[in-house]
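Two complexes are shown next, each including chain A; its partner changes from chain B in the first to chain C in the second.
And then the complex of A and B:
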């Protein structure tokens, strides 16, 4: 099960992801990121409600890295639960994606 | 036994011979009589040969007509017509001869008269017997046991009449009349067996009436000619004095008259019969589609056409809302379909076109009137497959109240048949699709299996064992070991993102890269950067591979390792009885597809001692969840390892798997998982 919301806030778009991201639900995550990257210059991804992310879900984030860089779009992920964060870290993604603890921190990172 | 062909020939020659002998002896007797010659010749001889001729004729036609196996009524009647035509032309020729020489002595000569009369006898017998055999065939169509018995009696009596005729009874004598009345009664009873007429269509009925009427003309003509000869009083043998011949005439005439009358009366109803027959055939065609091999569209078209012709609809449409939506309209266009859908008046029929029909078809409510300039009546039926309405069949008529309950019943049967057929087609298609998918998976699975090493290389310094299970039939976990140089081993464990066929193919690429790079003398860091470069070219954008690479140097007792986004391996030191994670910086392969990747690769070297153990695993194990949703975690694996650490390597491996299974408590893993354990001996 996955639940994704896109909210327009100030000068950024907030994507809220809840539930599990597996091979089939990763398509929805992909759509959300695609939509956000087309309109916004700053993207905030709220992963507080994310319980599990599979390699397919990670692949979605990875596939946008170059794209966002080329378009000069800033993206910050925040609120990950420890076990989710561990998955990101094992893969080394914390070196490529800005990851913050909470929304405030991520907003300040976004506006750097 | 004699072949049919031989029987026909034999009876033909026998008939011809009998007739010639009959002709010869009869004329010879006449000759003797005229000139009062004293020759002792029995007067019965011509009689016997005539009887023989008749019997041969009967057999000839019986063999010939029953040879045509399938009963084609029109062919049979055509045969009667043609035989009659030929024989009549023959008799006309005789009449012509007599009218040309009417003033000559020749035509007054008994010899001449009898000679021609004998030819006429031959012609009449041929026509009568052939017609008799055909009538027999028609009467016995769809025969019952009683009918066969009755017919056999009739034939025996006819045979009896042949014998009776040998005694030379004159026409109108008492015996003659009794026999005649008896046989005529029989003929009349038999004449009412006319089942075959029902199977003729309208056109064929008209044709048969025509053929039989013309045959009647032949009969009349023969009778007239025979009577003409008879009236000369010069005949040595008069055919009209024979009960057999006269009863045959009566039988043929009776049956012809009854046939013509019954056919005439059947003419108005033949269209109904034809329609019923058509319905039955359509139904059969629809049932035939059940056996598969037909597409849903073909079935739909067949249903539409059959239904239209069954109720004389002016227009119709059939819609199927399926994976492949379908709308077939006959006699109308799609716009009219929409128009009429909106104008249907009865609530039930409106529900049907909106795909809201209850599963139980309400046959009393499927007919509706419609307020449309072109059409006034409509019949709408839902098409159900497995309890869901998948389609609509609508039939239209230009006049109001054109459909009745009987028509509805027919269409309901058609629709039910078609539903079964569509359902079967769908089931077959699903089965084929499923089969194809399974086949692909099994191919991929075989590929994947063949990629994993069957034998793991080692030397006497260490022992290695691996265990791998693929979830979802095809996995993306890979492990391998090769001896790069003497005493130096390259060991890899990798996990390809995603599952299924594409993961297996990416794994194949990983194997290729490992085998080509691991034999080079470079370090693990160079390996990982080169592998990333190679994979960057071929992996899809969202795919990546995590891997850990180890170079085990059994001479120096060192392990040089690097990690590309893979879960850190667990190392157990025997001396300290302590486990540690072989952590290092690193990014998954294919995540960063340029030289920036290289800055994240870190290479570390540790030393090992005898008794130490190295445990490699994939995230399938640490992410494994028990029924309560708790993850096994690296911790769970670590605890399990410590529990079995003193055992032999194979026992350790089994213990690790058993502990994981106990934790899972029957829960199925939805990811592949792989374990590789290395135990150092010296």
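And then the complex of A and C:
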């Protein structure tokens, strides 16, 4: 089960992801990121409610990195539980994707 | 407790497979962070087999069997009858290559190899067998 909300906040878009992102649900994360990357220059992804992410979900984030860079769009992920963060770390993705502990920290990074 | 699950090859069944593995590992009191990684690895193999080997055909079955031969070892045996995966021909891509190609796939087996201690694919008559071994505490 996955639940995704896209919210307009100040000068950024906030994508809230809850539940499990696996091979059956990653398309919804893909759709949300596609929509945000078409209209925003700053994207925050709130993963506080994310319980599980598989390679399908990681693959969605990875597939946008080049386009975000080309379009000069900043994206910060925040609020991951340790078990979820570890999945990113297994592949070293914390070096390639900006990850913050919480929303305040991610806003600071977004506005650097 | 039943340590074998047989279920149809539908992506929506991945959640049931994860729940099955979760319950077994919890019954052996495997620590949560360790269990989470093991569940992920089994999910990755099952997702690959359901999608690529069995084309999400719900008439096909995938079977997950869990063995716990010693206190520090778990063996996961995943069987299906779809198109065999040629593990010997698999060359792991680099993350940089996956990023530049904007691919959405390609990191599942990388996760499995990093999480599990042993990964083997074999074939017995019409049955494909994937055997994952995990030493707890390693």
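Operating definition for what follows: the second predicted complex is superposed on the first by the 112 of 112 C-alpha atoms of A that agree within 3 Å, B and C clash if a C-alpha of one lies under 4 Å from a C-alpha of the other, contacts with A are read in each partner's own complex, and residues count from 1 in each chain.
The definition used in the following text is that a residue touches a chain if its C-beta (ideal position, glycine included) is under 8 Å from a C-beta of that chain, and two chains touch if they have at least 3 such contacts.
All values derive from a computational prediction rather than experimental measurement.
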item: Room on chain A for both chain B and chain C (clash or fit); value: clash
item: Partner chain(s) touched by A:4 [first = chain B, second = chain C, both, neither]; value: neither
item: First (chain B), second (chain C), both or neither touched by A:62; value: both
item: Partner chain in contact with A:23 - chain B first, chain C second, else both or neither; value: both
item: Which superposed partner A:97 touches (first chain B, second chain C, both, neither); value: neither
item: Touching partner for A:107 - first (chain B), second (chain C), both, neither; value: neither
item: Touching partner for A:85 - first (chain B), second (chain C), both, neither; value: neither
item: Dominant contact partner of chain A by residue count, chain C or chain B; value: C
item: Superposition clash, chain B versus chain C, among 438-446, 456-464 or 600-608; value: 438-446
item: Chain B and chain C contact sites that coincide on chain A, given as residue numbers; value: 22-23, 30, 52, 54-56, 58-60, 62-63, 65-66, 83, 87, 90-93, 96
item: Residues of chain C that touch chain A when the two form their complex; value: 11-12, 14-15, 18, 32-33, 36-37, 40, 43-44, 47, 50-51, 95, 98-100, 102-108, 110-111, 114-115
item: Partner chain C, residues of chain A touching it in the complex; value: 1, 20, 22-24, 26, 30, 52, 54-56, 58-60, 62-67, 82-83, 86-87, 90-93, 96
item: Touch list for chain A against partner chain B, complex; value: 22-23, 30, 52, 54-56, 58-60, 62-63, 65-66, 83, 87, 90-93, 95-96
item: Chain A partner contacts - residues on chain B that touch it in the complex; value: 495, 497-499, 541-544, 546, 564-568, 585-588, 590-593, 600, 619, 623, 631, 633, 670-671
